[in-house]
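Working notes, structure below.
Read from first to last, the chains carry the letters A, B, C and D; within each, the first residue is number 1.
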Amino acid sequence: MTGNSFGHAFRITTCGESHGGAIGVIIDGCPPNLSITTADIQYQLDRRKPGQSAITTPRNEADVIHILSGVFEGKTTGTPILLLAYNHDMQPEDYESFKHIYRPSHADYSYHLKYGIRDPRGSGRASARETLARVAAGAVAKKYLTEQLNIEILSYVEQVGSIRTEMNYQHVTPDAIEQNAIRCPDPKIAPLMIALIEKVQHAGDSIGGIIKGVIRHVPTGLGEPVFDKLSADLAKAMLSINAVKGFDIGSGFDGVGMLGSKHNDAFYLEGNEIHLTSNHAGGTLGGISSGADIYFRVAFKPVSTISIEQQSVTTDHQVCTFNAKGRHDPCVLPRAVPIVDAMAALVIMDHYLRHQALK
Amino acid sequence: MTGNSFGHAFRITTCGESHGGAIGVIIDGCPPNLSITTADIQYQLDRRKPGQSAITTPRNEADVIHILSGVFEGKTTGTPILLLAYNHDMQPEDYESFKHIYRPSHADYSYHLKYGIRDPRGSGRASARETLARVAAGAVAKKYLTEQLNIEILSYVEQVGSIRTEMNYQHVTPDAIEQNAIRCPDPKIAPLMIALIEKVQHAGDSIGGIIKGVIRHVPTGLGEPVFDKLSADLAKAMLSINAVKGFDIGSGFDGVGMLGSKHNDAFYLEGNEIHLTSNHAGGTLGGISSGADIYFRVAFKPVSTISIEQQSVTTDHQVCTFNAKGRHDPCVLPRAVPIVDAMAALVIMDHYLRHQALK
Amino acid sequence: MTGNSFGHAFRITTCGESHGGAIGVIIDGCPPNLSITTADIQYQLDRRKPGQSAITTPRNEADVIHILSGVFEGKTTGTPILLLAYNHDMQPEDYESFKHIYRPSHADYSYHLKYGIRDPRGSGRASARETLARVAAGAVAKKYLTEQLNIEILSYVEQVGSIRTEMNYQHVTPDAIEQNAIRCPDPKIAPLMIALIEKVQHAGDSIGGIIKGVIRHVPTGLGEPVFDKLSADLAKAMLSINAVKGFDIGSGFDGVGMLGSKHNDAFYLEGNEIHLTSNHAGGTLGGISSGADIYFRVAFKPVSTISIEQQSVTTDHQVCTFNAKGRHDPCVLPRAVPIVDAMAALVIMDHYLRHQALK
Amino acid sequence: MTGNSFGHAFRITTCGESHGGAIGVIIDGCPPNLSITTADIQYQLDRRKPGQSAITTPRNEADVIHILSGVFEGKTTGTPILLLAYNHDMQPEDYESFKHIYRPSHADYSYHLKYGIRDPRGSGRASARETLARVAAGAVAKKYLTEQLNIEILSYVEQVGSIRTEMNYQHVTPDAIEQNAIRCPDPKIAPLMIALIEKVQHAGDSIGGIIKGVIRHVPTGLGEPVFDKLSADLAKAMLSINAVKGFDIGSGFDGVGMLGSKHNDAFYLEGNEIHLTSNHAGGTLGGISSGADIYFRVAFKPVSTISIEQQSVTTDHQVCTFNAKGRHDPCVLPRAVPIVDAMAALVIMDHYLRHQALK
């Protein structure tokens, strides 16, 4: 009802503003007896953190995760898990200058209209810093899925601006994704993407792109008819990430031009096992997992914060100009990769537990 | 948790299989004192029903709606509204022939794996006939939004196969949409779309396309941070519709190639009122409505049922062939237009009521 | 959020007014492959229906149940089950005379203040006729619990006015409960209860009492910490029944005077099995089932409708008198027994499925 | 679904074990612009804390509350509020001795069966220390209800063992409740209760009792038909508190012996205003608030932890004895008073916001 929770059986509730006391998340519904340490979580947080490479925001956020409940002697107990990262190095003066400005394409305006009050420091609750909580919770889900069910979740940058890799998602490995700063597994295309971002960064501007997500070894039967289709919940999960404006699964937008006779994925037998000749569906039939790979695309707009002067208005309705002055992230995609991973893990984990209830 | 409900404050729960006793929906949370009659609902159902034109399925479904609770002397009372359409003309022999076949790209296979049992008549619960319930509930929401809040919701066919109208969504009227069988408001492009569908139909095949949705006069402040963004809930709503494989809002997938300096929508003043110079965001900022038009695209794959023989396998793992033999719908898009309308209305209505709780 | 649903994993949503088109319920989350027929449900409805004995209301409600979805060839399919009983014999003139009166201790007044409109026919949605839907859904849950898990749920009238049986709940059988019109298994006390009710009935008055509920062979581990304790959900379930004003479990209100050393239920070993020397807790520890019998009491106030003239006021604030004139039920308890059964079954079923999600 | 959240529109999610890192709560849905400081919350926590008087547990818990999100410059912003109290002075040796014992009437046994693992330190998640989170969240709700709506919530000890005050709830003031250690507003009865507790304490034993709750100036129309009746949600809220075994509202268990003609609360006019001649209903009609005072009783069993040797069994099924050795709380009632207050405030706040959605 109130918007800060996600999932039903594996349910997370996040809290925290960019410059408040902490970013936190309560995970409710994690199965007991899962081994979990801060190190398991920290690895994913480090993939998300600012300042990890030359092509991301220069801010340096420590993002040290603390486990404050739900784990006893290194194992989950079935009770709610509180994960917390305290906020540090908050310099109010950085934000003082624009606290009365509705920054273009930021949530300042809509939050103000909704609540009549907002925390202006670093975008407050609308800050992408909130996704830290999701990545932390997603790391717990991902560990369960990997260890208990052998499910593999990975995502990577497929497109920056109009530069795109044609690499088949089936051949992508986690290692290949981590081999460069942009998290594109294609060694020929990655440098072109990085060069583009550097050029954009130099101009004080920003650029968007597309992340591809892949989920392998998905058990059959996950997803609920009719509203909570696995595909529908993945769509919601991805659109809930800051700057995301689009999602498609399987053939997606490209599939609209195909004929049904070409698009249909035929069943065939290999011994007594049923397989599919193709996977245009992207791993679900009627919204329920078929066992085939799930793959999807997530479209990110260019981030709103740029170092170029823009026209805007103040909260008391005066014309003004705004310039973020060098503190911007020219392309969020490499840092968004672990966020997409996390949201995918949360959706699969939730639906896995929901499906268990029927057994 | 169980997947057959949608919404929180304006919550619908649907039931019914294609060939069971009825398709039904309970609406819980409808405000009292809204005038509602079966005629208000029937108009939308008639836009969804099969057999309404030469380019849709020849099946003839009556789809007469009944109001069985929640309305007294023509007005809603605040109590749950049960809407029901009884199923008729169910000819079991039509389905007997393929009840043991996993039809390609249908949900037969995944439902069977999930539940170990399924109603094979007309795809059972996975049938698009389920969307009748959504259209009925959406008609109630739409009436409230129109009458009480002056919100306008409309959608139309923007693309069939690779034929696309370039018409600006801002100029589209409800009347223009209804002027042809394909529900495309562009009088030059609509005949081309229809010709393509007729050609596909003649070949026993099917074709996909894109529906554009538009919501005008949206109050500011709708949508909840951080997971229940208005955009995220619209994405889920659309992906929950049969055959939908993609969604984007505002600039969407096309926006990924833009620079931030071009993509950002600047605020400006007109008198004392704040306006936007552009609307790449598509009506939300940080997932909360800004008052600008919401517009989005919904990608439909070609429908799975075609009249061409296909290879498949049976439920007892034998190779077989399958042919739907002339009962297919070459392009679901014109009939899907009221479904997109309905889902959009349900999302807006739910978020409107949720936002009221804060006031 | 909206109040007409109960449960999470086994979730029911009810609809219908006393004199609208129908009373209905959608069950979402029922496991597949459960055999269910209208006869299974009808038996429980008949225990609830008016007119079944001389000491209940003389109204004759047919209450024939229809299964309109979710069942194929006699078995549940995992999809939502719609159960419906159409309303008949609605004579508007019966209610015309008091539609402008706020009847004492009825919900007329509070519904009117809440919604600004209400269906005055037979108390509308506030009618105990709504419980028909619960009994129908509860019958489905009860069948699953009995057949799949060997759980036994029964309830009986323990007290009418100040006449009370001292029979130990452990010795009560379903057959003993059905041997008389009051549904008290104590053959010595039941006639006294019936005599009291006849006396009250003759005076045009009504009387309250207590129903005892018993749940045997409960699996261990049902119930969730900390808010959704099994005991807390049973309390809510019972207080949601019309005319219920109290609930206690185990030693309940009588236990407040005991010392801890007497109240504590000690563990002991029988072979290698752990047992309890007593059961003051009433079958839960920390809100989670321990495997011991669950037993609880439900307090019913005397029903509001009596055949004695009472002072009241009209909806337009005029003094008036009100007399229900012979159509009243002197004691709802025998008819409430299947409602208590049903609510207990719904709670256990829901928690059973929720617990499965963890496995 | 997972049990650690309460409420829908004003929703709290709690976390933390007795001896883990912290006890915490996220409040989601608090209206913006409410002034709130740690001092507002601390006052209620201090009423709950151990060691506050000679008749409670001698443990000394600091319970300092921290606000880590959702508040900016002293005001709520509409975003989730994280309240946290870190755990201190955890001496593992205190609990080492009985970590393999199923203590009588504790949740050790049922948690172990449910999860296969548990945090044995100080009862882990089943500890009454969890209620600290509820009291903190309830303090926020209570502040809103008092300041914005003039609603008064108070509760007090009505009975200890068999010693009971006959004081009319209508005459009780907050000040009178705080004038003695037992929180009974009756100056004649309070010393008798305290003397009883001292005697029980001296014997190493414990004793139960009853807390009465009162809610004044409740707006009309709160509560939802049919399952989420205000009375039903109060019942659930109270039964979710550790050691609570019973709840009744209005005439409750005492009303079952009354005739309807006596129990019915008649409406009358005072000028043009509608009033009630009596309040046996306890402030709700059909589960919806009528504007009359809500009053209810909550039955607490004697606490399980006593300083008398008891028989028990170990987790590896050996016979053993158990003695808590002086660390016990002979009567939780005075410390439970703020918990009852808090749960009542959470229920009213949630239903107030839910009702707003309809307006």
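In the analysis below, a contact is a pair of C-beta atoms (placed from the backbone, for glycine too) under 8 Å apart; a residue touches a chain by one contact, two chains touch by 3 or more.
Computed from a prediction, not measured in an experiment: that's the story for all the values here.
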Chain whose average C-alpha position is farthest from chain C's own: A
Chain pair among A-B, A-C or C-D whose interface repeats that of B-D, sharing over half of the contact pairs by residue number: A-C
Where chain A and chain C are represented by their mean Cα positions, the distance between them in whole Å: 46
Separation of chain C from chain D, taking each centre as the mean of its C-alpha atoms, in whole Å: 26
Approximate Å spacing (C-alpha centroids) for the pair chain B, chain C: 39
Overlap residues in chain A, where contacts from two or more other chains coincide: 1-5, 8-9, 14, 29, 32, 78-79, 114-115, 125, 225, 354, 357-358
Residues of chain D touching chain A in the complex: 1-5, 8-9, 11, 13-17, 20-24, 26, 28-29, 32-33, 66-72, 75-82, 84, 114-119, 121, 124-125
Residues of chain B touching chain D in the complex: 1, 8-9, 29, 31-32, 78-79, 225, 353-354, 356-359
Residue ranges of chain D in contact with chain C within the complex: 1-6, 8-9, 14, 102, 104-111, 113-115, 125-126, 130, 159, 161-162, 200, 205-210, 220-221, 223-229, 231-240, 242, 245-253, 255-261, 263-269, 272, 274, 280-282, 284-291, 297, 299-306, 308, 310-313, 317, 319, 354-355, 357-358
